[in-house]
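Heads up, the next two complexes both have subunit A, just with different partners, subunit B and then subunit C.
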Partner chain A sequence: MKILNSVQNQVQVVEVEGDLDFHSSPNLRQALNQLADKKAPKIIIQLKKVGYMDSSGIATFVEALQKTKKYQGKLVLAEMAPAVRSVFEIAKLDGIFVLSDSMSDALQKVGA
Partner chain B sequence: MDSIIEVRDLVKKFDGRAVLNGVNVGIPRGKITVIMGGSGCGKSTFLRHLIGLHQPTSGDILFEGKNIAKMDRNGMDGVRRSFGMMFQGSALFNSMTVGENVAVPLREHTPLDESTIKIIVKIKLELVGLTGFEHFYPHQISGGMKKRVALARAIALDPKIVFYDEPGAGLDPITASMIDQLILDLSRKLNMTSVVVTHEMKSAFRIADQVIMLHKGKVLEVGSAQQIQNSSNAYVRQFIEGEPEGVIPFKQTSEAYLQGLLDS
Partner chain C sequence: MQQRFVLKNESSELPVFRAKMRTFLSEKGWPEKNTGEWLLVLDEALTNVIRHAYSGTPGEIIVEISDEPSKTEFMIEDHGKRFDPTQAPTPKLPKETPGGLGVHFIRQLTDRFEYDNSFQGGNRIYLMRYKPSSARSGS
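Up next, the complex of A and B:
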């Protein structure tokens, strides 16, 4: 799994590539923790290149959401493949996240 | 048919006595397969081979093309992460809370942080309808709830296939049917393959996409629940109808009795 960090319109964009599973999730958690620790106000996680995600992936996003909410940060999950989105639906967590189908929409939702 | 497990010419002998005697069958991916048969027919031994707890005397067991019958311990450890198992008596640790029980495979087999594990435990408990029970101990919950905890633990690692050993054993008929419904729901929702060992006919026909009927260590019949219900095979009919007399003898033959006396 690869994690690419960039800044677009003062938004932290975290692009994830590859499978998000029990072995790779801790790396993403570390990357997201670093952003939360410095209280990044706007974060978009781009998931276009994630083909598979298990329970550890969704738990990592829940933890990131908990942390960003504590300092009123905004977190948007963008461009999820249907298989990845269904994991959120099964866990009944699609309602608590801000989800977006495109980067332009994600930037708008995060308030860029 | 896309088989996640393919069993070929499986033979298992204990002290020269064949408990499995040439089993050939496939477990279809994403479906619920029920293994049925009377006591001593070899169904528990068959299940133990599927999960790699027994080495066959001969034959092959292919899981996604890999022969687990000839795999070493390291290889088997890797494969077992794709397997979830719900044991007959739930097999919960009584000294641990519900949440800690579900967390066991996550703590043992993943590098995940404790905070991630806690969230996964909550998600799994919600999937089996036990949100809010994570701090309870096994002695504080009912038998049906214990089975749900066992199921949450079985799916903790997002397995490709879940094995259930007599999931309704020791439960009243209503609770047993609730567990069946849960197996059905989770198998469909999570797109999992399920293998259920049971001798409870109602339960088998309620959940099975495929039924494998074992008798004397061989596959007697394989088919959909409806095909098995309409089977004309005399053994299958006697088993379904639960008659004491029929082609399956009520008593062992006197030769077997005499042989047993002379051999001892």
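Up next, the complex of A and C:
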């Protein structure tokens, strides 16, 4: 799995590429913890290159959401592939996270 | 038709096994969406073995697959400490704290999820799902 960090319009964009499972999710967890530790106010996680995700991936996002909420940060999950989105739907978490189909919409939702 | 795989108790086995199963399930006629769901089920079951049955100690995980025209069944066996995932509590959804969703996914996406209480020296579970009618000529 690859994780690319960039800044767009003062928003931290975390682009993830590859499968997100029990093996790879600790790397993403570490990257998101670093952003939460420095209280990054606006974070977009771009998931268009993630074709597979399991409950470890979900747990990583839930933890990131909890941490960002604590300091009133905003977190948007953008451009999920249908297979990944369906995992959120089975967990009924699609209503808890702010999801976005495009980066332009994600930037708007995060308040950029 | 039966196939047997022996995996190491390592998380690095998961993506390799998923790739093999994606091909296998597709060849057996499972539609792409259902194949993805099967991969999630298998991944969660194997992750439970790695995390709870073996808890970091070395060991083998045996996976046997039986494919029939109407259904596919997986048997997953380990020799770790006793862990019955079918007894995991049903989470109240949406669950806004991390963890506890893996077994929920297995329950939601299988027609049979059973723990073999008579198996000695480890754990054995069965996972079965009936094929959609469109997939029943793939075996």
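Basically, the second predicted complex is superposed on the first by the 112 of 112 C-alpha atoms of A that agree within 3 Å, B and C clash if a C-alpha of one lies under 4 Å from a C-alpha of the other, contacts with A are read in each partner's own complex, and residues count from 1 in each chain.
In this text, contacts are C-beta pairs under 8 Å (C-beta built on N, C-alpha and C of every residue); 3 or more make two chains touch, one makes a residue touch a chain.
These figures come from a predicted structure and were not determined experimentally.
**Student:** Put subunit B and subunit C onto subunit A via the superposition and say whether they clash or fit.
**Tutor:** In the superposition, subunit B runs into subunit C.
**Student:** Go through the superposed model and pick first if A:K38 touches only subunit B, second if only subunit C, both, or neither.
**Tutor:** In the superposed model, A:K38 contacts neither subunit B nor subunit C.
**Student:** For A:G95, decide between first (touching subunit B), second (touching subunit C), both and neither.
**Tutor:** The answer is second: A:G95 touches subunit C but not subunit B.
**Student:** Considering only the touch criterion stated at the top, classify A:D19 as touching first (subunit B), second (subunit C), both, or neither.
**Tutor:** second
**Student:** In the overlay, work out which of subunit B or subunit C sits against more residues of subunit A.
**Tutor:** C
**Student:** Given the superposition on chain A, at which of 182-190, 200-208, 218-226 or 254-262 does subunit B overlap subunit C?
**Tutor:** 182-190
**Student:** Across the two complexes, find the residues of subunit A that touch subunit B and also touch subunit C.
**Tutor:** After superposing on chain A, subunit A residues 22-23, 54-56, 58-60, 62-63, 90-93 contact both subunit B and subunit C.
**Student:** Any idea which subunit A residues touch subunit B in the complex?
**Tutor:** 22-23, 25-26, 29, 54-56, 58-60, 62-63, 90-93
**Student:** Name, in rising order, each residue of subunit B that touches subunit A in their complex.
**Tutor:** Against subunit A, subunit B makes touches at 109-113, 115-117, 119-120, 123-124, 126-127, 156-158, 189-190.
**Student:** Give every residue of subunit A touching subunit C within the complex, in rising order.
**Tutor:** Those in contact with subunit C are residues 19, 21-24, 52, 54-56, 58-60, 62-63, 65-66, 83, 86-87, 90-93, 95-96.
**Student:** What part of subunit C is in contact with subunit A in the complex they form?
**Tutor:** 11-12, 14-15, 18, 33, 36-37, 39-40, 43-44, 47, 50-51, 93-99, 101-102, 104-105, 108-109
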